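Letters A, B, C, D and E name the chains as they come in the text, with residue numbers starting at 1 for each one.
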């Protein structure tokens, strides 16, 4: 049964990419809905399988680890696959209604969308270093394609800047892979970890890890290297920016986290961990401050992504040199943060899209009076904002709570400041938008009312992010399932 | 003054980077690799259905990489085409009527096609294979295109998109077939390994050539304006 | 100091030169070429390092092949984007245009492709 | 999942579901919305009543599941929570009736009533919370659900008040989260337990525990409007009357005070807090707040701002009562939680009536209002005298028990504070009463609205009268079994028993 | 015992329930006519009460206990009688402007006054005391003139401060006594270590109401501005509440406090003489009467001082104080009512009217065969210095005579001032009936009212004849002085 699921998971996105390439936008829309349903079912099935009897290794092409490529299907990976399924389905559904079918170039939206989805799945499940590189490339190029789709000069400039940053990041990562392959002779992550735990470790190799983390940080837009993200996510179409902010950025972080959890213990150092954590902290403060000052609504949400990404990098200091229990708690916290941020950010971008479409301008102060005539989208924007702020009962709060506990237990109390200040600052820019919409100067309803279903999707995502707070326990239970290597072929 | 400072800093960073890298390489060179992959490869080579090790790795052991890599190529193709908004790629005024080039083409194009064929066939036991053949084909296409020979299959229509997708979809179908047959994704059955790889190679060659050519030809001529989301108009 | 290590160190040199070029150069196409330089440096290093044990190791060469194809795809996409960007805004660098709606400049005589 | 575990959840769900349904209702679904509102309020009172009866019999209502690996979500109905739950359930019904009348034809009422019942749901959650984690959860939900109510009118002033409100409450929330997380890290997940946890704690923990206590009190102090943190309350008066009535008399302000009660009583425990010398500091802050609030109230021209400052000083009574350490003083403090709620909501209802019917917002425009609106003015006068602490009303009971409690413990300066604050209360309430009854109406009402026979619409008139009667009864029949005073004595008895 | 309970409850509840009459403007006139009916149940309780009448109200406040003992019975009689006569007077006096408001505050003050007399537990005593004070404010500012508002403000400010002092004192006392009943307080205060503070607070608190010097400022302001029936009640019954407060809370009979006795004597003396001196300077008749009340309260303070100083005599002194309170209340009530009467045109009726107005005044001064004489005699033989142990006891008789002279002078001043602005005309029947009943009750009814049991039983009329001269000479001296002053005034005019 698991084989069928795995094959389905790998096959469907690529097959649908090709299928949608051959048809135009309208027919592509119908095909995509079908594909989304299949993908959702497969992801759920896989999640259930892993939830019942633990993670397993999936050998592609039947070849054993060092020679062939293996896919590591453990709790964490499956949780991310399911998350991708949910968010991508929502964004796809929203895009199918939001995008104007008559434009000629929109026919190419669906193939790129499916390739992106395939790339994401490849990265979540990847167990082989070089395979991860190719997956990353797949995602980057698809994302750049989506950003540049039908765009004007600004969109293209953002796309190029994004492409350059992504490529440089990938190459840095590839350089690291080359060094590790040179040292260990194997490309499989599990193999390298086993070797590291058993044999003595040459000191020099930490440079390779630093390189890889640097590359991945550049692709995740960590603080000093976040220049490319706001224009790219800000200018792209709303469903695209939702996809980018919620999932694409997380892919490179996911790889960095896996590397850190497996190789960090031996190759990393306390100074490196604290440096990355510090960069994360600055990102939270600086991102929120810039988000507060943006004039355009989508730029606000984009900079908020930069800030929220800062939280993720707190994982590094909190899992280095601490007891397993604390490290597990930190991992759970970060997983929750990733999931709730993905859901909330997607909801925020989609509802921002709705608001912009109805108001006719993407400036924040043009939102006056929306609260009276278009409360539903605004309400989902608010709910998503609440989750970003990490206020109860949302998932953001559960994540923040776990991170607070982990940083307290590990004695690194200075992360408390970052966590709390981040919450407050994000409250600042969310409520600034809210305040702008509450101004009630016009009685006439001159707003364009988007179709009902466009407004429902962000609300569903926001409610999921809200519900996550209450349902944190089962989600986390699967994530931290012990990984039994080698079961199943 | 600022420029000089910027350059100086950048030079310093690059030198540090180079130094660190060199040091790491020197240390790695010092210690033997614990896992001897080539030896392992040699043992399984016969099971891969191809005698040339690189092609075996490419199309059998790490065939998933190749599949995704072709995907990357197709994405580049799609993105390239999506840029071109003209109805036809074949812009009439791009055609030059230079008789010398025309004559030269008559000699070179067939030669290149034969070369591509050879490269494709040699892949199984000598260096060569789908990528090299595809590249040569694309080069010949470019030459013909510059020479002014109309290539209507390059017009953005069903044909172009089908060409792009052909190679990738065949590869995908083969991969899924093996999965449905019970073994893992992309696991060719022992006996059919060689013919399957050959089919994939051939189809890939065409697709790669098509993608590269499409990318070259997609002249960014644009007439309709599409305002950025939320902009006026 | 087997000859393969020589390739590795050459790769290192190429990488650092490429990095310098990539960061400093403003013009997009030249930046792209610098990127390709880094790429080949990395590939050289990968193969060089793996070969230090004497006989050539096919796996990195296959990887390099794949890497090259990916690099080609990325470069091709970049070129298309740059040409389109140039067509739309007449800019060859990523700097923000001064005036918000800068009208694309009149095409210079030697530009290949159809006059606008 | 027996009935006793689900009861608190039902109590919580009544208003949660009500708010969801109301949000979905279209704007013109007026009748349906009112029916839902009232039904939900009535159902909630019934549920709370059953729980009160059950708790009196000693039954245990508890619902728990662990929401996040290290912390669990606990809803528990004990005597103390029933006090606050009962108060907010009762006053929610009255305020709903009032709000229906008040927002007769104003725009987006669905949004208003949706957030209104959401806010009461979070208040109910705060009352029923079984541990600090759940308490914090509902504490923050309260902030979020009250913000839209404060900025309901959308005027720039309201928005500024809303922003100010958020800055205060969110910062307070962050500090509280820090404290709870630290406490959680230090001693693990603490359920509220009568008698508190730190009775015999080893002295080494005293240092951090004191700092945590200060942080907890600061976090809770923001909502309880203790002096340095009270800035948001007067400005939030710009909200519509039912909002300022329910929120600033019952929900928000009491949540802070209730939190402080929970922390001092059932987390630290009175003996431990006394041993660590925490109570004296708190008592000083509370005393200063009482005096400061009353003096500031003297200089307010706007009626609702004066009531706001009076709220600030009155809530500090509760905190002061806590610090009196003896059973009597604590009883005084707790019973004031109920009494002040009833009295203050009466005053806000009347202020709302004056604003809605006569368009009067300033005190000096109130001349002769007694003749024009006798019903409301009688309620206001009773409320005013209650606040002053004139016997036989509810305020007197509180001051009497707190006074004797203070003397029993030997803190005589507390009696002086009580006397001084009663004088100040008299100083800022009696002139209003004078204007109501004895001043002649010398200029026309700013913009008067007629409702036929009654002085104002029935929806607006009955709630203040009912709460006024409640207040008088709470005062006169203080010793009747289920009166606030005897219920608090039950709580203190159980608290002291351990 | 049980039969009395509903009566006691009715006595207090009837005025409270009557407030409902104010709901409709149409019932306004009905309310006016039932004003005198309100105190009737209380009068019945006063007349028929046995010494152990009581009503247990566990639910009320902190456990209520209402009841009447001998001391309270006299106060109750005085209060009920006075409110009855003034109620009748009010029917005629009141105009329709703000009538309902007046009736509501009248009823509330009456309820407070009656309640505090009958309350035996601290909570209800203090509740009714506060109700009377705050409702009294309504009566004081009824006219609504600027002067009335100013007087009201002063009245309220001082009253609230007094209330707070009482609250603090009672708080401490109850906390020491451990029980909520009034009768346990004196014992607790006697043994309290901070006894001086508690006694000071209670003395000052109730002193504001009783008009002690330096705490009396509100009295001369409030009385003239209040409507006549209100000022009559205010001066007659409400001031006595302060006195009652002292009697039931201070530790008489527990411990003798000579020091406190001396202090109070001085205060009483200053009150009596100072009040009279200031009274002479007033132009308006009601102001003069107000100061006369202050001086009379000064005299009563002397007796309280004596009781405090020598605890063994306190029971007898209580009885004399009660008698004096009764006498002063009724007399002062009728005097105040007379200020609002218009003099009849006819010469004979005019002279009769003057005589009847003067008689209560002369009674105050202690004319033989009047209630005043009896009160003065009882006071004289109870304040004999020999029996009392404290230093200033010797001056008491001298002070009493000085007091008598001062009172007589004040009466002449009152008559002169009344004569100056008296108007001739007809009075409405309500006014006649009210005034007549007040005067009759002061002069004649006094003798039939049940006297406080503690008094030594004596053939009072025979004693008066014997002591006639000692009673008369202060009156004659005062009349002589008044005549001289009148001559000087005539010549200067």
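Here is the rule we go by: a residue touches a chain if its C-beta (ideal position, glycine included) is under 8 Å from a C-beta of that chain, and two chains touch if they have at least 3 such contacts.
These are the chains along with the protein names UniProt gives them: A = Hydrogenase 4 subunit B; B = Sodium:proton antiporter; C = Na+/H+ antiporter subunit C; D = Proton-conducting membrane transporter.
Source: prediction; values computed, not measured.
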Quiz prompt | Shortest contact path, subunit B to subunit D, counted in steps | solution = 2
Quiz item: Between subunit C and subunit E, which partner chains are common?
Solution: none
Quiz item: Centre-to-centre on C-alpha atoms, which chain is most distant from subunit C?
Solution: E
Quiz item: By number of C-beta pairs in contact, which two chains lead?
Solution: A-B
Exercise. Find the most central chain, measuring centrality by the gap between its CA centroid and the centroid of all protein CA atoms shown.
Key: D
Quiz item: What chain lies farthest away from subunit D once each centre is taken as the mean of the Cα atoms?
Solution: B
Practice problem: Could you please state the distance in Å, as a whole number, between where the Cα atoms of subunit A are centred and where those of subunit E are centred? | Solution: 87
Quiz item: Approximately how many whole Å separate the CA-defined centres of subunit C and subunit D?
Solution: 67
Quiz item: Between subunit B and subunit C, what's the gap in Å when you average each chain's C-alpha atoms?
Solution: 16
Self-check item: Centre distance in Å when subunit A and subunit C are each reduced to the mean of their C-alpha atoms
Solution: 27
Practice problem: Send over the residues of subunit E in touch with two or more other chains. | Solution: none
Quiz item: Do you know which subunit B residues sit against two or more other chains?
Solution: 21, 25, 28, 33, 36-37, 41, 62, 65, 69, 72, 75-76, 79, 83
Exercise. Throw together a list of every chain pair that touches.
Key: A-B, A-C, A-D, B-C, D-E
Quiz prompt | subunit A partner contacts - residues on subunit B that touch it in the complex | solution = 20-21, 23-25, 27-28, 30-31, 33-37, 40-41, 44, 60-65, 67-69, 71-72, 74-76, 78-79, 81-83, 85, 158, 161-162, 164-165, 168-169, 172, 175-176, 179-180, 182-188, 225-232
Exercise. In the complex, go through subunit C and note every residue touching subunit A.
Key: 8, 15, 22, 28, 31, 35, 38-39, 42, 45-46, 49-50, 52, 59-60, 63, 66-67, 70, 73-74, 77-78, 81-82, 84-85, 88-89, 91, 94, 96-97, 102
Quiz item: Which of the residues in subunit A end up touching subunit B in this complex?
Solution: 3-4, 6-7, 10-11, 14-15, 17-18, 21-22, 58-63, 66-69, 103-105, 108, 111-112, 115, 118-119, 122, 130-131, 134-135, 137-138, 141-142, 144-145, 148-152, 154-155, 175, 179, 182-186, 191, 195, 199, 202-205, 207-208, 235, 237-238, 296, 298, 353, 356-357, 360-362, 489
Exercise. Using the touch definition up top, name the residues of subunit D that touch subunit A in the complex.
Key: 23, 65-71, 73, 107-108, 111, 133, 136-138, 140-141, 143-144, 147, 151, 153-156, 159, 162-163, 166, 170-171, 173-175, 177-178, 181-182, 184-185
Self-check item: Residue ranges of subunit A touching subunit D (in the complex, touch as defined)
Solution: 329, 332, 371-372, 375, 379, 386, 389, 391-393, 397-398, 400-402, 404-405, 408-409, 416, 420-421, 423-424, 427, 431, 434-435, 438-440, 469-470, 472-473, 476
